[in-house]
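I have a structure I would like to understand better, so I am pasting it below and will then ask my questions one at a time.
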Amino acid sequence: MTGGVAAPRPIDVGVLGATGMVGQQFVRQLAGHPWFRTVWLAASERSEGRSYGDVAWRLSGAPPEEVRALRIDACVPGRGPRLVFSALDAAAAAEIEPAFAAAGHIVMSNARSYRMEPDVPLLIPEINPTHLGLLDAQRRNRGWRGAIVTNPNCSTVVLAMVLAPLRRFGLRSALVTTMQAVSGAGYPGVPSLDILANVIPFIGGGEEDKIETETCKILGDIAGSLVTPHLVTVSAQTTRVPVVDGHTEAISLAFDGRPSVDEVRDALASFSGEPQALELPSAPERPIVLSTADDRPQPRRDAGAGNGMTVTVGRVRRCPILDIKLVALGHNTIRGAAGAAVLNAELMHAMGRLEGD
Amino acid sequence: MTGGVAAPRPIDVGVLGATGMVGQQFVRQLAGHPWFRTVWLAASERSEGRSYGDVAWRLSGAPPEEVRALRIDACVPGRGPRLVFSALDAAAAAEIEPAFAAAGHIVMSNARSYRMEPDVPLLIPEINPTHLGLLDAQRRNRGWRGAIVTNPNCSTVVLAMVLAPLRRFGLRSALVTTMQAVSGAGYPGVPSLDILANVIPFIGGGEEDKIETETCKILGDIAGSLVTPHLVTVSAQTTRVPVVDGHTEAISLAFDGRPSVDEVRDALASFSGEPQALELPSAPERPIVLSTADDRPQPRRDAGAGNGMTVTVGRVRRCPILDIKLVALGHNTIRGAAGAAVLNAELMHAMGRLEGD
Amino acid sequence: MTGGVAAPRPIDVGVLGATGMVGQQFVRQLAGHPWFRTVWLAASERSEGRSYGDVAWRLSGAPPEEVRALRIDACVPGRGPRLVFSALDAAAAAEIEPAFAAAGHIVMSNARSYRMEPDVPLLIPEINPTHLGLLDAQRRNRGWRGAIVTNPNCSTVVLAMVLAPLRRFGLRSALVTTMQAVSGAGYPGVPSLDILANVIPFIGGGEEDKIETETCKILGDIAGSLVTPHLVTVSAQTTRVPVVDGHTEAISLAFDGRPSVDEVRDALASFSGEPQALELPSAPERPIVLSTADDRPQPRRDAGAGNGMTVTVGRVRRCPILDIKLVALGHNTIRGAAGAAVLNAELMHAMGRLEGD
Amino acid sequence: MTGGVAAPRPIDVGVLGATGMVGQQFVRQLAGHPWFRTVWLAASERSEGRSYGDVAWRLSGAPPEEVRALRIDACVPGRGPRLVFSALDAAAAAEIEPAFAAAGHIVMSNARSYRMEPDVPLLIPEINPTHLGLLDAQRRNRGWRGAIVTNPNCSTVVLAMVLAPLRRFGLRSALVTTMQAVSGAGYPGVPSLDILANVIPFIGGGEEDKIETETCKILGDIAGSLVTPHLVTVSAQTTRVPVVDGHTEAISLAFDGRPSVDEVRDALASFSGEPQALELPSAPERPIVLSTADDRPQPRRDAGAGNGMTVTVGRVRRCPILDIKLVALGHNTIRGAAGAAVLNAELMHAMGRLEGD
């Protein structure tokens, strides 16, 4: 990774919920980061005091060398560095994240707890960097010295990336069927007896509702301290499939503007945003890549595109019912979780939003 | 299996393409059948003369005892019994099936070659038994003493079963995303390197087109010797998933009549047809079963319902874009192939259509 | 299933731990049994009072019709019928099973807790029916009116079935590498993130030790109230593989008697025991079947042989280091758990051991 | 990759059989290599003249940018550069490789065809770099200006790497059960219907024989132009499991010298060879890494260690029958194929064996 913005000295960062599956993904995502240096790892009391290198590592390989000796701390506000990434589950996040924000921490949260709060940015840097403008209201409303900034649900982000460049065509509705990887459910997550050689046509925790509502907020316009949700109607059917990483989404779209297939392809392929302009370290060269092969994108072969930050789209064609159909794929634990939050923090740093109190 | 129609002596049947994957499914499906007795197995010249018990058996267990000693014959018209089941691939079927029909055989075909011919029944006994009326025109047009009767593509049948009882609500469009099992691709079929822990968003051989066109013919009305296709618009996105048996379909539906969710549920659950009325041996007690659990139907757990002949439906609810969405599942090699053809033959026997020349 | 021993009226049976994965397997195994009728289902207090039909069913299909209306009771000794099958986990079994035995119940246990107790039969009816002779000592030693009879670990049973008929050749050592299905770990069991497209070379809970010790007890001789373990040395390496049902075992064997490959094959193929002689309802016609194909046995295709009660053996050949190597396969939740315990109970009934107080 | 040996200008290399699965692995392995530059890609006549970028790419992502524009040539001796990597299958290799060697090419072959020829090095640079001494005899015997150098079968290499450092203890026998990934079978390779949720206890093409014989040659001593095979007896049982990359091997070992578990662990962990001493670009820092976790090595999590060139070993412990047992894992398409051949070429370059005519 190389970044376009000079970082004279590394910025210390911490991870809340560092021992869980998502926490481990944060730790790996931050390893060797050109701007950020992981100096603080916090988890539940059960792990307190252990060396991070002794934690049961669920990802491939072993924990990064640079954090193996770190002692795991408790999630106590004020203890870690100003910038913390939160891999807490929703219940823990609901309590702990505001306490950290109140104590002056910038919390980059992957939890769903505050995503839909009117004064909390639900950020995808390519799409809605201006939503960081909500932070002023957030601090005013809540009296926090710090802040909470969230990234979307791992399925939402893939859909929103596809829809963003297509808003210009009068986007009216998006019907999506997801085929989601098991890593999206954390650890232990999905029992193998449920998913081996099987499909589960349901994902708990309000997955479909998240996709249907988060998308509209992400694509919405901000005016003052108010985000007006985009009016696109989203209908989601989520399923779990026996895939390790990468959410695949079959999407049908209706537009008021009746774009041609080629216009849609061009809009997707030429999509670019602030992360690309600012050359943020985690930004993929192209946020969306169009597959030319008929049988792509495929999660096992394409989820890693752009170091897991590129959304791959294929099979763009007419839909006989709505207007256009296509297949999109994104890496759910990178673009859909840890990479998303890190990119958010990079954007904030590049915009002077991290240091700016 | 018990049949409601007396079968004083067994009817001899044969299988064309008996050594391939689909052929083996026919052989297994016919084993122990109360009306039919497998007496003739034909395949390509490569296998001619071998004992059927020596063929590499791809299904679970071993070939049925009753056919192990049968010598494999060549696919020569006139050699086998009057009623033959065809497991030939499309290219072979295009040539061989009409030759058999011309020679007086009744060919129950699983191939796609003649499904869309105007004078060939594309039969699902619960839905369109009257389409057998096309046979008179077929014989007249083609000068055949025998006949070709086809069953639908393995994904089409699941969709058509769901749509049939919903036609009464003014069915207008059906948008379907399939997640199809590898057994649908035959043997050797899908390479494991393509599908292990993966999803392939494309199925060759015109799969999506088959679903979009066959469905309309199946649901159509017959008048004289003409089937008028149903006007429902179908949009299909097919995918392959690492599942052994059972095609899962996420379906969204639009209706002119705006039925309630409960009306749709009732129409599905109460669906029944000629196979049930006639108590055909392969007919499931209920052609459609509604799942009550949120996370069903699942291919590994539900494809076997009704001995593989029942379509299981779950998650019936409002669709914010079209009207209703739901998930349906059927066993692709039983209800979608061998079981379908056998049920077709049972219907013809019960209606006096097998003997009737 | 048909039984060779008349059962004038059904024997009432219960299941301890009926809501868990193994408990559900017992319920399914007992459904439609010609001798036993499931009248009592017990589980932890959390489930008490609910209808069994409302339990989350983990197996394929749905709970058997005949037990759906049963109210779940607590595991309180004295409440259920005399004969109870125990699907309790080891910790619960250690406490609850002796309480039931003391209260007069015959406990057919699948738990490991009492398997290695000197006065508890570790029973495989084809191998050591005489070990039921331990029950007199058990009652004397412990003052129980009832009894505990155990079946082996799900990997042990496959190995022991293979070794039993080969003892005659001076069996000296058995080196086994297992490839075990996820259903052997119960529910939720193995996280899908651990096992999708992966192998785990370790199974907790002392799996290897169980195989190495239980086997010797099972193959041992009984004299009076003492079982002398067989002197075979067993070395086990257990692994978990992404398979649903069926444990595969690669086995190398050393013998003092240097049998030929054909002698070993003949001994395996001709193996038979009391269950076959007595025509017990769950007894497979042949306890061991030899595969002729090079690439069998395979768990997905062969685990169901003999309704899951047959062990399939293939690839019998010389081992350049020990004497003979082969591959064996058994259904871990049927022959290795629920089916094993039911067969044990059938044997006891046929030998007059159930009624005999 | 960084190399310890200066490479003033890149060495041109070609790939025979470049469009197949193994060929694609070679192309990927060579992409960005510090010494070698891929300038020539050859395949069967069917592909001749097409751009390499248009070939159906079976690996993750897309073909390397640097080779996309290369025109595919026919496998005609004399056309490509001096150094060619052969990804040909055995039948093609048997004919084509000697023609290339005769024409002056150095053929680094992954095929089995010439591995066991007495005058052909079967090379693992950490183990037997001196076997390159066979090349003089090879040229003399065969009148070739070029040469054939082979790497072992993908399962053999894992076993040989484990055995090499243990020879000092009087290694007598090695009993191995493999659990092999599907990528070892090429493309289309293993049908998904055979391997989804299954184990196949057999691998064709003489897999077990290769492991049993190649290992002895690799571990043998060279004197003059003769390699005397090591006397270790190897017994192999190979199986295929539903894993994408990484062969897992359960190994039991007997020694005359009765080493302790710790001595074995130390010998493995401290193993190092010429590639490490010469700092060859593809050499892993440590050829063997010992896992500390009980449940490792696992193919999905550990096959990538050392960029796929490290063999990971775990669970080293006493075997009650032989002396020591352990589990080993290596990446079958990198350390077991393309990476192996590239490392061989690097060794030859560093030893002046590439340029030396």
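Note that the chains are named A, B, C and D in the order they appear, and that numbering of residues resets to 1 at the start of each chain.
Please note the rule applied: a contact is a pair of C-beta atoms (placed from the backbone, for glycine too) under 8 Å apart; a residue touches a chain by one contact, two chains touch by 3 or more.
Fair warning: this is a prediction, and the values are worked out from it, not measured in the lab.
Comparing contact pairs by residue number, the interface of A-C is reproduced by B-D among B-D, A-D or A-B, since over half of the pairs coincide.
Pairs C-D and B-D differ in how many C-beta pairs touch across them, and the larger number is found at C-D.
Chain centre most remote from that of chain A: C (centre = mean of CA atoms).
Chain C and chain D have CA centres that are 43 Å apart. For this pair, chain B with chain C, the centres built from the Cα atoms lie 40 Å apart.
Centre-to-centre spacing of chain B and chain D amounts to 47 Å, using the average Cα coordinate of each chain.
Of all residues in chain C, those touching 2 or more other chains are 194, 196-197, 242-244, 300-301, listed in ascending order. Those residues of chain A that touch chain B in the complex are listed here as 173-175, 177, 179, 194, 196-202, 212, 233-235, 237, 239, 241-244, 248, 250, 252, 254, 294-301, 314-315, 319-322, 325, 327.
For chain B in complex with chain D, the residues that touch the partner chain are 21, 58, 182-183, 187-197, 242-244.
Those residues of chain D that touch chain A in the shared complex are 56-57, 59-61, 196-197, 244, 293, 300-302, 304-305.
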